[in-house]
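Across the two complexes that follow, chain A remains constant while its partner is chain B and subsequently chain C.
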Partner chain A sequence: MVKLLVVDDEQEICDFLREFFEEKNFKVRTALSGEEALRYVAEEQPDVCLLDIKMPGEDGLEVLRKIKRKYPAVKVIMVTALEAAEKMEEAARMGADNYIIKPLSLEYLENDVYKKISGSS
Partner chain B sequence: MNYQEVLKNAARSMVRFKNPHHLLRMIARFIAKEVHLTHASILLHDSVRNRYIFIDSKGELKIPVRLIRVDADHPLIRCLQGKCEVRILKKDVLSLRHLDDILNHFHTSPVSKLEVQKIIDLMKALKASLCVPSIYRGELLGVLILGTKRSGGDFTDEEISHFQTLAHDAAMTIKTAAYQMELLERNKQLEEQVTEITRLRKKEQETYYQIMLSLAEEVREKDDSTFGHLAAVEKLGVMTAEEMGMDLNGKKRDVLIAGLRLHDIGKIGIPDAILKKEDSLNQEEWVIMKQHAAKGAKILAPLADFKEVAEIVHCHHEFYDGKGYPRGLKGDQIPIESAIISVVDAFHAMVSERCYKKGYPLEFAIHELESNSGRQFHPKVVEAFMSVLKTKMLGYYEARMHEIHGNNAIHERKAS
Partner chain C sequence: MLYLRKRKIALKKGMMLAGFFAVAVAALEIKDVITFFLPLKFLTSRIFDIALVILTCLISYKPLEQLIHYLFREWLFKKGVGYQVQLFHSAGHLISCLDLREFSNLVVNTFCDLLHVKYVAFLILDSARKEFVPGTLTGFHFREIRNIQLGVNSPLIEYVRGMERPILRYDALKVLSWTDASKLSTDFELLRAQAVIPVYGDHPKRELLGIITLSSKPTHLAYLPHELKLFHDFSNKIGQALENAIRYNEIKFHYEELKDFQSRLVQVNKFSAIEQLATGIAHEIHNPLTIISGKAQMLLLNKDKNLLTSKAEEDLKLIVQQTSRAAEITRKLLMFSKPSPERKETLSFKNIIDDTFSLISYQTSIEHIEIIKELDPKIPEFKGYVEEFREIFLNLFLNAIQSVDKFGTVRVLVQYMEGTQCLNIQVEDSGCGIKEEHLANVFDPFFTTKQNSLGLGLFVTQRIIQRNGGSIHIESEPTQGTRVSFTLPMLLGSELPTGEGVLLGEEAKEKVTLGGEMASSRRPGKEV
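Let's turn to the complex of A and B:
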């Protein structure tokens, strides 16, 4: 079973994405903060991580850097609002595997996640 | 539960909403709560990017606002726009049950099946059993995404028809609100443009006025060498107007002052040979000289804000009894400002020293004004002017007379 970690500071987004991917037989965990996400990554390395770039506390870029330093095999897809899209270059330099811009199309989201898994296998 | 009544009330309260988002939120809340659905949410058309975005969601499963989009070319959207190959709408709405039927029981092409499957997938991801389009004049403005009834069971035709009414009213309201916003925006732009134009025009007028003032000084210097003539005329004119109790608030003071400063501007068009002639003018030369009043008005004509000033300049050689020039106006036909200019200018010209003459004695000037009151001059202006002269200005003019004629001259005249 593919392990997916959804990191977003909004509970609704976590819930929705969890439901969406559980339907498709993913094993989904959610984290509301960078700290929580890093704990989960350390415990049980996920295959793919959907990481919101803008979060209070430790922001997405910082979390990305920490994940990639210790667990480079974890595929990280950054999620960003259009206004922050310029940060994506930085994210790419820091090893982000892909990025998607909110509002996202569910079809593309699913495809992106599948692509990352097949790329890694 | 009486749907009819509840929906009617909802439709009525819609007109109160000016912001369509507030309205749509109200609709989603209303459907989820009053109609007892698992959830209800709203996809709204984003016309800038041509896609549909969730702007509100209510119920057990909330769809996060602004997280998900549905592209305009998604089969669900195309289908609700009536652009799909197969007829999969039933009574103009998308129902999950009906889509399943199509997939399982009807013979459709593989391409269509794929599209139907995509719609089903999306509806399932959104936990929707019914999608109701909000259409205004053929334009799909939004979609009501509806979950299932908590009581279980299918929607009845009557219920679906009520949702359609709601969606239709919502579309109208969205469009009205959008028009209003557009109008407001356009109004704002127009207002800004008008302000800018007004500013530029004012600046232009101001520049023109400044040029006129320099010209007026130039003319005065050519005409007579008395320093400060314009300043003195202006001061006397304003004091006389105040003495008369004239209302000089705001623009009226500016108009009077501009008239006092610019009254001889037309002399710019009079040949120097005439203007500077020391001997008295012959008849031909007088005809030309008299043109300066009308010429002055013509020069000022481009100043839209100075229409009154132009008229004042035009009339500053008219006589109270109608025997002046250029038009022979009389009495109240002559602007009071022109009447004031006529008096102060005449007085100042008489007492001033010119290159070819010494000024007339003060008493002579006063006698001239008084004896011409009601003929050349407006009696009320003369009266006010005399009062100003005697109470405020006499000391000044006596000092000037003293400079010009020497002590003796004044004493001689006073003695006589």
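Let's turn to the complex of A and C:
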């Protein structure tokens, strides 16, 4: 079973993505903050992580940097409301695997997640 | 000058002769009366007559000369008073005049009225340009006017500087060597000047601030010393006033510049406020939109399981579509402040324009709108973001076709201006035009006169053009049409550092993907 971690400071977004991916037979965990996400990644490395950028506390880019440093195998897809060039570039430099802008196209997101998994296996 | 002096002397001599004649005749008449009463023989002799005439002439010489001199002086004095009154009067006006243009007009008018000379020029020092430039000119042909200006080191200015009194062309050229004289003569010729009156600023610097040049008088009589003296007094009186007017003009210029800068600053503040607002909105709104749209998409993806009716399916699709439209608004707002994340590339304006027209071809064809495209064949390579320019042209074309009626025309012109190395692009329509009171606001965000319009089109367009180092302006005549023209500098177009910041290596760049169907409808995402 594919392990997916959804990190977003909004509970509704987490729930919604969990619902969507659980239907697709993913094992989904959610985290509302960067710290929580890093704890989960340390415990049990997920295959894919959907990571919001703007969060209180540690922001998405910081979390991305930490994940990629320790667990480079974890695929990280940035999911954010902002289409900001400098953030995109920074994320790419830190090794983000994709950058998706809200509102999401679920079909695209799903395809992308599958692609990342097949790429790693 | 010499010519006049000769004439004056001849006149005086003539008057003296007439005076002698009158005195001699009178003496002879008196002698006749005396002879009548006292018939002495020697009185009737011719020799006595001659002696009498010589004697009376000798006696009356001094008083006659004095009389004639007095008459001359009286005549000149009267004329001098006329001059003096006019010049004094005009100097009085000038002292309180701060507007440089009005000042110079008044000076030139004074001399025109006073002397009826054909060519009068008032050149004023422009310290920034280090030149004496025309304040007011009269009598010159417009083709001459373009050439009338004197550098601070030009021969005439060099010569005049330091001269306390007005100078005459004749006097100036006479004392110089041939080569200097010919150089100086060119300047005199340029201004068609016979007399040049220097105007100095106030003490202590006493800088040469202006020169007044006069051509010859209609009578072709030379300027007389007492006239030059009056001009000199006049120039002394107005020197301080000219200095004030020049300073005032400079201050006014700087004030305008400052005001302009301030308004740009306000604009920048407005932009950054909107940017902050848009960023906040994007964050707050995109999350709920994600859920609304996501839930609808989930229902649609499992439509068989959910037993959706075709009506429900249509409605759900509409929900997805409309949420993406709402997201687009905040994106558009952000676009004005953020450069596009793509790389700059060489643009083909022909392709961009054709593509953009194809987006609106349905509307142009049903309304029979004529599209005229005039593209300069020799446009040099221009680098920019395709998306930005599509946005510009789409906004301008949409505005144009929305304002024209059926059978109207929309004309787009792209030309390269070699002189300024700029691209000049115009979008012109034969539509309803923009009301004058609206013209000042068309670039303001959220300003619109149309229904179903966000009022962001021109705002975003202006911002993109400014970001590319260009400028945009609009001319419009109600019921006649509108012309939007903008210029883009070639150099900036290819060298503006934004976007090409090369933070990303080629490899990393490959990884940046703009995900989502919605995003990819605007720009296709590259995939890893």
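By our rule, the second predicted complex is superposed on the first by the 116 of 121 C-alpha atoms of A that agree within 3 Å, B and C clash if a C-alpha of one lies under 4 Å from a C-alpha of the other, contacts with A are read in each partner's own complex, and residues count from 1 in each chain.
As a working rule, a contact is a pair of C-beta atoms (placed from the backbone, for glycine too) under 8 Å apart; a residue touches a chain by one contact, two chains touch by 3 or more.
Given the structure is predicted, the values throughout are model-derived calculations rather than measurements.
Taking the superposition as given, does A:S105 touch the first partner, chain B, the second, chain C, both, or neither?
Touch partners of A:S105: chain B and chain C.
After superposition on the shared chain, which partner residues are touched by A:K66: those of chain B (first), chain C (second), both, or neither?
Neither partner.
Taking the superposition on A as described, I'd like to know which of chain B and chain C A:R18 touches: first, second, both or neither.
A:R18 sits against neither chain B nor chain C.
Going by the contact rule set out at the top, does A:D97 touch chain B (first), chain C (second), both, or neither?
second
With both complexes overlaid on chain A, does A:K3 touch chain B (first), chain C (second), both or neither?
After superposing on A, A:K3 lies clear of both chain B and chain C.
Name the contact category of A:A85: first (chain B only), second (chain C only), both, or neither.
Second partner only.
Is A:K54 touching the first partner chain B, the second partner chain C, both, or neither of them?
second
After lining up the shared chain so the two structures overlap, which partner does A:K27 touch, if you call chain B first and chain C second: first, second, both or neither?
A:K27 contacts neither chain B nor chain C.
Count the residues of chain A touched by chain B and by chain C, then name the partner with the higher count.
C
Which parts of chain A are touched by chain B and by chain C alike?
On chain A, the residues that contact chain B in one structure and chain C in the other are 10, 12-13, 16, 19-20, 23, 102-107.
If you look only at chain A, which of its residues touch chain B in the complex?
Residues of chain A touching chain B: 10, 12-13, 15-16, 19-20, 23, 102-107.
Once bound in the complex, which stretches of chain C touch chain A?
It is residues 279, 282-283, 285-295, 297-298, 301-302, 323-324, 327, 331, 334, 338-341, 499, 501, 503-504, 508-509, 511-520, 527-528 of chain C that touch chain A.
Can you list the residues on chain A that touch chain C in the complex?
Interface residues on chain A, with respect to chain C: 10, 12-13, 16-17, 19-20, 23, 54, 77, 81-86, 88-90, 92-93, 96-109, 112, 115, 119.
Can you list the chain B residues touching chain A in their complex?
51, 53-54, 61-71, 74, 118, 122, 124-125
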